[in-house]
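Following this line, the structures themselves.
Here come two complexes built around chain A, the first alongside chain B, the second alongside chain C.
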Partner chain A sequence: MASTSTVKVLQKVGMGGITGNRYAIYVSCAVLAVLLVVPSLHNGYIENLMRGVLMFATLSLGWNLIGGYTGYVSFGNVVFFGVGATTSAVLWQHFQQQNILLAIVVAAFVAALMALVLGFPILRLKGHYFGIATLGIALATQEIIANIDWLGGGSVTSIRQVDFFSSYYYAMWAICALSLGATWFIARSKFGYALVAIRENEEAAAILGVDATKYKVFAWMISAMMAAAAGAVFAGANGSIDSPTAFAVDNNVFPIVMAILGGVGTVAGPLVGAFVLTAINETLWSRFPEIHTLFFGAVIVIVVLFLPRGILWLFAVRGGFRGFVNSLKAYRV
Partner chain B sequence: MDLFFQILVNGILAGGIFAVVALGFSLVWGIMNIINLAHGSFLMLGAYVAYALFANYHVDPFLSIPVAFIVMFVFGYLVQKYIINFVVRAPILTTFLLTFGLSLLLINAALLVFHGDIKGIATSYSGANFSLGAVVVPWVKLWTLVAALVITALMQLFLTGTKTGRAIRATSMDIGAAQLSGVRVAHLYAIVFGLGSGLAGAAGVLVSLSYSLQPSMGEPFLIKAFVVCVLGGLGSVQGALVGGVLYGILEAFGSQYIGTGLQDAVALVVLLIVLIVRPTGIMGKATA
Partner chain C sequence: MSFLQVEGVGMRFGGLQALDNVTFDVEKGAVLGLIGPNGSGKTTMMNVISGVYKPSAGRVRFADKTIADVPTHNVCKLGIARTFQIVKPFASLTVRENVAVGAMYGREGGKRSTKGSFERSQELLEIVGLARVGDKAASDLTIPDRKRLEVAKALALDPDVLLLDEVMAGLNATEVDEAIDLIRTVNGRGVTLIIVEHLMKAIMSVCTSVVVLAEGRKIAEGLPHVVVQSPEVIKAYLGSRFAERQAQLEEIKREADLARQVEPGAHA
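Presenting the complex of A and B:
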């Protein structure tokens, strides 16, 4: 399917090829390995913070698969996170199940099914229209869940936590590591090349024999499973869930911001973005508790102006500082 | 049947505001390919301009519309010229992130300056209404709709009748050809963004007449603008008007017959159906 010339083109348009900078991936794996020791520090603050980073990294990796690799920019991937969180709550409320693994599996299954059913009509839409459709799905699903009592309705649903609380941390870690591994594997596979071919030119990809609909729906299903798994664990760790929390705007926008910050369409970009953004946010939060969100907004504006294609893009720039400045000029009018 | 007409009228009256909100959003998106997530915060700033004039100098909010438009036009012009123009040719996600940051910045700056408490504009005619048969029409809402129609008509006249308007439409068709014909794209983009934020400011004044004011008031309208753009078709003035009114009607009927909690869901499900059946919007062109 992917001829040699296609691969060469991909290496030109991508940031050092389809996977992105390989050292960034190694560093990400190393950082993930180090994060495994966090619960043994017995510091509640750090454990919560890092579970948050892992959660957002997972959401961002999931978004990156459909928004970054396939080029179908979803503005509503939070819907799968919310569905995952709701699944967790329903399992406890109606079936008295507090098993993390079971919650993850059921949530991922429900989300994948949803992506499959919605994917066929929605993924036919191009560009902006797909984005708006996904936003519509997210908002509509939130309202519908908030109006169905069996699903928790508009109220707060509590979930009994497992006895060993750090289980939630390890579960989130495993999901994040699996998502990173899956992205890496996909990016190097025929499937990944098909996705990038769809992103670059869907018609051309179809002519080359890529069954675009099948690949797009499949990519969205995997993306949905990542988000739903993170949502299921989040709900358990949180101990309760309501639909404004499950479908929070932050859970929708932050993963996108993180992927862009790290580098869209690279394996390690979302993880890098999740760490950098959380680090910025936490620093501002501790230094300027009153106005940290204001500074956060300003930081985003500055970062975009100087790193319009993300941090990993720096590794792809040739020609030192002058090359960097020249590359920025390409986006001006 | 009376109830039916009452809901229909309520929907149409609400739709005027949605149309103006969506008009600026659609213009910026359609012409420059920028999804302006700060549109809601521009709307909020416009509303606070009206509030400041009303509270300090007792200026009627309807008279503040041009003031808010001009203030926000200048603001938007500067934002585009000195910030967004530097990355406007990058992929759409870049400007998406940039305007997200901008919106965080503006909302929180407003929180510092105006504080978080809920404010409102109560004019002498705020509670007044008249009856049309069994249908009750509040004066404020009627004048809001009239103002919205005037703003939309002026915008259409500007885009079709003036040299700058024609340059804007030419640039949206083919930026290279427009440049060769002597259009200064950087300046023109700044004007387009200025118009977009000016319209958001004007919409903010209209919103301030019927809704309460607080720094995050613009966000629900941002989402409505998204939907209206699709219903009407991107970058089209008539489309924004039709889409806005249609959305208003949908929302009014949805909240009456299906439940207040589900009013947005109804509109959004309709949106999805429209998207699937007719992806370029009701008023959109066949090719896109």
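Presenting the complex of A and C:
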């Protein structure tokens, strides 16, 4: 019983089939389409909130590629977000460049280069060691940037905001849609299968001809580009940037929690997670301003305990509550 | 010059000499059995030939290349494939996807599309008898099916040489017969096989030659039925006391035969 349901569940949520649950993708596309009309509401609060959702969804999709599909849990993907934001600031401060597209492209390029250079040594590390190394890199990079004046140093760098027609919002939307599309495409490509094979068993993958180092580095580069693009747009939208904001702990932890909440190693999981977590966060924050982080922590613990495979998993479980309990047992024993 | 050459291979893990100066050749189209008691270095030998371990001495030559110089993920591109004694399926992928990964990245992988890889995967699943469970997750397979999956994944690499590491352990009599048939089929397609196996029935019926390892050294080599009678091999497997007793029994038998030859004359 448990075994057959496990397969079905895995396939339906797109973990067995890695290609993603079709319905989750349809819903994601519909949600993205709806998000396109947000600026026409002329509601600053909603626009800001939704831009945040799109940003976190992009970061989460980026993390999902290396942490979810490839199984290399990175605790330092914020470094690419920070580097993207810094690139955007440097472009304005030193080159008087305001173009969002240019900022995104340059930021993505710089981050990809960084992932390439750092990836070769540290993607040799396995499991926790890789996680610790990425954490170290994030902290070190923040310190380095905070101590180089040309890069903004320890002070706040302002960026002249030219937000005609909600251009930052649309830019963030486009990056998120592109990241989702890229994940969807990768998940059904040979490359995607190589990543999952590496996650499942790196030695067996190598014997089957998968050049693990190459694909891991490549996955991390794409992951870095997503985060950096989000960072570049965020810096512009924010109007100013300093290193504590660019390398904020929230920007590191939220995307990971969102991916887990939505469904690790699924195409649509990060987007779903970003919505749900932001909704929870906003509700708690407005109701219990003093102790909202306490509730927030409790929510995360409950989710990890009862939804180990993410929200998308719920859609695949059949047989109502009993089915849920059964499949929970199958995973948690 | 022979097809695959193992030249003076030694492998040391700290204080343990797992392999010590092992040399043998494998002919094209052969089925070589690699046998020996537990801990004699068979699996280590398989790991050296498949490029998982770099030997601490000697080398393995294949297709004008030294295996240790080739990165592990490129060994299959030379035409060497292997199965793992402790099976290593990609648990969350389906059986079909598991095999397809091999078809995607193996020797012919560059020429195959994703769709082509899945078609190849389906063909192989039919050959090894897993077509009925193609859509199951690999983690849900029974042990014999996991062994079959290992073989299918290795075959997906389109190998010239296939290393089978104890694929028959834990199979029942019928399944062993099926496995032997499968080995013959694969060999019939021109694939050279190197087999590590404890099951002597399988070794005796399919192997064209046998190499015997004991404590990391090669102690015998030759035709299967000749090698298993060698006192050296019996000693390695069953201990020196048994070998001596075997020798005594042989002696008694010979004397009895001699006596029988003499007796008819005495009665005449």
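The rule is short, and it goes like this: the second predicted complex is superposed on the first by the 306 of 333 C-alpha atoms of A that agree within 3 Å, B and C clash if a C-alpha of one lies under 4 Å from a C-alpha of the other, contacts with A are read in each partner's own complex, and residues count from 1 in each chain.
FYI, contacts are C-beta pairs under 8 Å (C-beta built on N, C-alpha and C of every residue); 3 or more make two chains touch, one makes a residue touch a chain.
Not measured: the values here are computed from a predicted model.
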> With both structures placed on chain A, which of the two partners, chain B or chain C, ends up touching more residues of chain A?
Replying inline: B
>> Once chain A of both complexes is superposed, is A:Val299 in touch with chain B (first), chain C (second), both, or neither?
In response: first
> First (chain B), second (chain C), both or neither: which does A:Lys190 touch?
Replying inline: second
> Which partner does A:Pro121 reach: the first (chain B), the second (chain C), both, or neither?
Replying inline: first
>> Quick one: is A:Ile207 in contact with chain B, with chain C, with both, or with neither? Answer first, second, both or neither.
In response: second
> Which of the two partners, first being chain B and second being chain C, lies in contact with A:His94: first, second, both, or neither?
Replying inline: neither
>> I'd like to know which partner A:Arg287 touches here: chain B for first, chain C for second, both or neither.
In response: neither
> Which chain B residues qualify as touching chain A in the complex?
Replying inline: 29, 35, 83, 85-94, 96-98, 100-109, 112, 185-186, 189, 219, 223, 226-227, 229-230, 234, 259, 261-262, 264-265, 268-269, 271-272, 275-276, 279-280
> Residues of chain A touching chain B in their complex?
Replying inline: 67, 73, 121-122, 124-126, 128-129, 131-133, 135-137, 139-140, 143-144, 146-147, 154, 249, 253, 256-257, 260-261, 264, 291, 293-294, 296-301, 303-305, 308-309, 328, 330-333
>> Quick check: in the complex, which residue numbers of chain C touch chain A?
In response: 50, 52, 71-77, 81-82, 84, 88-94, 97, 100-102, 104-107, 109, 114, 117, 135-137, 139-140, 153, 156-157
> For chain A, which residues are in contact with chain C within the complex?
Replying inline: 3-4, 6-7, 10-11, 15-18, 188-190, 193-194, 196-197, 200-201, 203-212
